[in-house]
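The following pair of complexes shares a single chain, chain A, combined with chain B in the former and chain C in the latter.
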Partner chain A sequence: MKNLLKSTLAILGALVAFTSCNNSANSGGKSGALASNIAEKVYVAPGEHDEFYAFISGGYSGNLTVYGLPSGRMFKEIPVFSQFPTSGYGYSEETKPMLNTSHGFIPWGDSHHPDISQTNGEIDGRFIFINENNTPRIAKIDLTTFETTEIIEVPNSAGNHSSSFVTENTEYVVAGTRFSVPVPQRDMPISEYKGNFQGALSFISVEPEHGHMDIKFQLLMPGFNYDLSHPGRGKSHGWFFFTTYNTEEANTLLEVNASQNDKDFIAAINWKKIEEYVNNGGGTMMPAEYAHNVYDEVTHTATSTMKKEVRVVNPSDVPGAVYFLPTPKSPHGCDVDPSGEYIVGNGKLSANLTVHSFTKMLDAIENKKFDGEAYGIPILKFEDVLAGSVEQPGLGPLHTEFDGEGNAYTTFFISSEVVKWKLGTWEVIDRKPTYYSVGHLTIPGGNSRKPQGKYMFAMNKITKDRYLPTGPELEHSAQLYDISGDKMELLLDFPTHGEPHYAAAMRADIIKERSKKIYSLAENNHDYAAKSDADTKVVRKGNEVHIYMTTIRSHFSPDNIEGIKVGDKVYFHVTNLEQDFDVPHGFAVLGQNTSELLIMPGQTKSSVWEPTKVGVWPFYCTDFCSALHQEMQGYIRVSPANSNVPLKWSMGENIE
Partner chain B sequence: MVICVSLLVGCGGKEEKKKEKIKLPTKTEKKVEKKVENVPASKTIDLTNKGIGPINSVTLGTQIDKKMVAHGEDVFKKMCTACHRTDKKFIGPAPKNILDRRTPEWVMNMILNPEEMTQKDPLAKALLIEFNGSPMANQGLSEEDARAVLEYFRTLK
Partner chain C sequence: MKTIKLMFLVFAIAVFVSSCKNETKDASTTSTVTTTENKPAERTGQAFIEDDESKPTVLNIAMGSKDHTTLVAAVQAAQLENALVNAGPLMVFAPTNNAFAALPDGTVEDLLKPENKDALANILKYHVTPGNYSKDFLKKFKKLGQANNQYVKVEVIDGEPIIGGAKILASIKAGNGIVHVVDKVLLPPTE
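Entry: the complex of A and B
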């Protein structure tokens, strides 16, 4: 009886619990309904497409990742500065030259700030540029193929950080040095930094049709650290703005010694003026060594050319081209609003956010209101160029983006938040916490005359407890906010790969329409392409063996090869004969000291194998391609170095 | 994949026995097929089915168009020989005498629209099974190219 009572009570209790649960769900319906409303805002139904592409830098992965917004789904990792075994980038014979530098082959890079090409101040979705910080380089990615097609090394630069931002018509992609160095590099005492080191700001011209890059000139600036930059636009088109720090020119313990000055500078560069000077023969050609690597989509092959000189310009030789705008205190981000009037200096160690006025700057220049000079470069008076300050908006401002509605959004690393404020009145409108320690933020089209608004995402440096733990190392966390209303609304957390330093985003429609589905087999002009079964062959040249191989669902041709010897250098040149969307084939051979190849339809890729062991070794397709993928294999016979086994190959019949 | 590899490695020494064991079930499957349908899809004659795809009607000239044949042969060599031999079964069936077995429309639709054909057209579905699931690749031919290949097929007798 007691038991019965107990169980009855238990059931009743459970019922009460259920009921109260329901009640609370109903009464707390706002949060429930709101939560589902937020879920709907980021939900992209199966088979449907996201509205925006986001290109997020991979930082120390050396690459660039492609995401969809608002879903936060990652679509692709584009290899840029690092070898990528998934596709064979930097491993295949065709792509190894992409990673060549004046320091030799470098398998890794630190990618930072992607920026999409522009026409008339609006992003056009043709190319995306990204800088390598460690061994200074700028890469161009073609957004029809989402492949890296060009990399240019930047000489006289070190810590290529205030890069790779484009001017309004992609006339230039600009790369500034973070670390000043001896120019040209030479053996000298580090302690003699001050007054001797220089900071090179490179203006790399972009040829309009194919986007080919060439260093037009390098401006050799005083030995400060050039941290970030942005182009003028609209009324300020023709100018470029760089934040500086370490105007103290310290060469040790910078965390103390580079924080002494009350103000550092934003350098304002009238590049149109310098361009004119250079076009009239100004500047000097200086010996230099830097690699220019270009991938040809018809030969499917990259070539690396070592360039031998670069044009340098001394700023004091071009009067009226360079000015310093005093900006408190070690400014990091240097952001220009869509109208081109306001230049925001995000002083990392400053209590207030400083905004300069382009109009006031021109006026001060015209009236020669200078407040001294640094290395011959006029310094303008802070009060004369100041548009306004956002008073105590947060701690540790880093970067600002714009929504095109007159609002700015600034990240604060130390206080871990994004603050929305109004241009012109400088009042704070809203603030939202980020989880945790936000670095960059991006609004689609945020670095252009016409931001596309709607969303903003913050890229956080620290993840901590936001996801299931994955040991000591965690992927960084990004957070997506709806910015269509007065107040920002946090919608979604999503992980990013490597360390994202900045991202570029834009409406998907333009890129989507142009995206290539296959490479034309007819146009394939690779030296070792086998464009049909009749072209397949094996050719020996001394101890080099070239295998002209084809692949199509679901076989290789040839798939039986004999007559290879230990000590041979065997080149597998594999052409994918498919002409259908999304039918790549892979290739790998047992014991190969390199990565697989992933070959797109119509493409040829080559892999080198230097067999060290006698035997019959299989090769196979690594990408599940069809119902008969498991049958997609072949054998290559390796005989002793002194053997007389003749070179033979076949497919579909016995080799003898 | 991992399981397959380890199986293969594990059975390395007894490969012949392994092969026999694998062959048995496929033999019985074939017997079942034969009971249902005696003529394989590659030999079936159907001169009414036009297939599924962009081609509704093709008019063959009384004379073979030699210029078109040359173009078609070129396209065939470049885009089709990875899987087809003109006169014998290879990865896919031989096109020799194909117009004795199929309508010209069916042939062109099979070239231009193989994914849908192998999903919906009864003959194409049966062919996919007969050829062990080896898919007919869509090589992105234009209608003009496909028509030229068809003209070339008329010469294969």
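Entry: the complex of A and C
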């Protein structure tokens, strides 16, 4: 009897399980997290690491943020083009030169498209490059230290938007102008834009060992807007492709005037051919002014050099190097598939996606299938370069990424969705909504021959109700999708910082192994380093006072300083003597007109203080460094300008 | 009765087989998650972080010294490893094996017994100052506040700092402080 009861219960239980299964299938369609284990797919247990790094541009923050995938956790904000009080970047004497330009010191930038360095067409995780849109610059970030180590200004450019994409051996990082301008800049009527303004596409060479950047040449193109770009790869390595809009060359109300032509162009640039021309002395050196800022990890100091000329190349001087591929309706994204065969141009105002064939392009060039020319540049016949088009996939196509298995994923701003489609057959396989109005999307290993797949994330421009409200200003939202199956699956919604435009992502293992833990104190070659207490001193040069100071848990040396006068310019040169992972010290002094310093183990950083008031002012460590952090403080005595208080410094006198 | 059992089995299998697509697809994810759940238990704190770039911690230094095997055994018996790799700062007065051997017979063996763990920890903490000072700088002190809440006397004899009657034989800078090798075990004052 007992057994009978048991089995009846079991059968009942099984029946319940059966029906609940049906329920879960239903709720699965409504993204019921528990029903289909979605939560587990993004869960990274405490202490465990994410599988991928994502480097997401900060847009108007000027910076680059580092995230983990699939958790969507933010690990770091790397300051690039903007002053960053959190670390003192752009405030410390050592890093101020990083933000120097031909327009003077600029405390802010608009960062857009990060791209990771490559070797043989694969992401190598050594450097990441990112463009500044407003005052055209390209930055290099070293992925061993996650610090910005170089920034080069781009002359003759304006709205540096079709940037900063690297070729498959990081031969070049390429920066194209969005706004055409007079080249060289001059005083002229705006209405004379047409035929007079030019668009510079800059090929910045990258020295293999340290990644040092140098503008090899600038191609001076017709006065269109160069919107986005990507390198050829595999069979199309050696070419670079740029979308253009405003081929109408309008200078006012572009929303109407730049939408007149039925087709604009994708410009195809044979950079190998131009490189050869330049290597043989081609092009002309033109006077220019642009800053090249380099951060040295041994002196912990940046230097800014003003360059005085740049090599420019006129496309008509290098026949066979530049062609135009007609592409409908103001194309925005310009994306090349992993094989290098397909070039996707997403016409913002077109209902279809246009895909060009590299093979057909070469054939059209060889057989001179031209449809006229623009400013001496041959226009290839649309039908002869077209590989196919994706019909009516959505509204407002922007950007495309690839999974390495023959599929492409395109974002649609107006219809707020990502559409998965097949290369070659152009059929739509799946579509998933985004929240809301998606811009770029990223697949780890994108812009390479070997995308790493697994996940895709969409970066949206509009957040509205996705999170708890925070007043009128909201952080932008991103959505993470699992793309390992036929259909995309929404896994996670996470807030991002600033305005993410593009992002670069890759498997974590390579970067993780190389990440630096400390700077070697022995190798510190800073001019004002104090490598032990014996090196500490205070030196007066007129009204300049240099304090050579050290920090170690949990004191400053010296921590009592006297003999400073109102009107002095006081430099605190603080060396962190620690050689222990993750033990920075901070420095701040009352009334300082700049940010604190955050000094990494083995590093020296300097802060200027110009005291305006007589008194005894405290300074302290701003980073909770140790058990005795609250004791890590000191005093500096400021006397009247005419006082005779002698210069004196000490630490640890009169211990009770 | 047996048939009923069998029926139940058949039923259960049928339910399993007919379960919806979503669940079968997710079966693999569930199993991977279970394995990750077991991992964190192996790690027990900062003492176990792999780091060959940073300067060794005070614990690394003691463990790497053949003159300090007794001290290390004592630290392990008192389970103080994680405290010695902490951000500190830590100044450790590290008695040599000879210093321990100079204690009355049986003292060390006694202290290493599990029931004397607290007494041992108290003695060991009396060898640790929250701070980081060179041998020379120690001459400025009259006493040092130790991690067990008691003070140890500092004297200067023949130009050398003497800590609780012990001489400093050598000093080694550590990532999270400093190790001063001493020739005597410091015994906390009893009151």
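Here is the rule we use: the second predicted complex is superposed on the first by the 617 of 656 C-alpha atoms of A that agree within 3 Å, B and C clash if a C-alpha of one lies under 4 Å from a C-alpha of the other, contacts with A are read in each partner's own complex, and residues count from 1 in each chain.
Keep in mind that, in the parts below, a residue touches a chain if its C-beta (ideal position, glycine included) is under 8 Å from a C-beta of that chain, and two chains touch if they have at least 3 such contacts.
What you see is a predicted model, and the numbers here were worked out from it, not measured in a lab.
> Once the shared chain is lined up, is A:K329 touching chain B (first), chain C (second), both, or neither of them?
neither
> Touching A:K360 in the superposition: chain B (first), chain C (second), both, neither?
neither
> Does the superposition put A:D580 against chain B (first), chain C (second), both, or neither?
The answer is both, since A:D580 touches chain B and chain C.
> Applying the touch criterion given at the start, work out whether A:K531 contacts chain B, chain C, both or neither, answering first, second, both or neither.
first
> One more residue to check, A:G652. First (chain B), second (chain C), both or neither?
both
> Going by the contact rule set out at the top, does A:K516 touch chain B (first), chain C (second), both, or neither?
The second partner, chain C, only.
> Which partner chains sit in contact with A:G47 here, chain B, chain C, both or neither? Use first/second/both/neither.
Second partner only.
> Going by the touch definition up top, name the partner, chain B or chain C, that contacts more of chain A.
Residues of chain A touched, chain B against chain C: more for C.
> Could you give the residue numbers on chain A that contact chain B in one complex and chain C in the other?
Chain A residues touching both partners: 518, 533, 552-554, 578-580, 583, 626-628, 652.
> Would you tell me which residues of chain A are touching chain C in their complex?
Chain A reaches chain C through residues 3-4, 7, 10-11, 14, 17-18, 21-22, 24-25, 28, 35-37, 40-41, 43, 45-48, 485, 516-518, 533, 552-554, 578-581, 583, 601, 625-628, 652-653, 655-656.
> Which positions of chain A touch chain B when the two form their complex?
Spelled out, the residues of chain A in touch with chain B are 518, 521-522, 531-534, 550, 552-555, 557, 577-580, 583, 626-628, 630, 652.
> Report the residues of chain B in contact with chain A in the complex, numbered from low to high.
4, 77-79, 81-83, 90-91, 132-135, 137-140
> Under the stated contact criterion, what part of chain C meets chain A in this complex?
Within the complex, chain C touches chain A at residues 1, 4-5, 7-8, 11-12, 15, 18-23, 25-26, 29-30, 33, 36-37, 39-40, 43, 49, 51, 53-55, 57, 86-89, 130-132, 134, 137, 140-142, 175-177.
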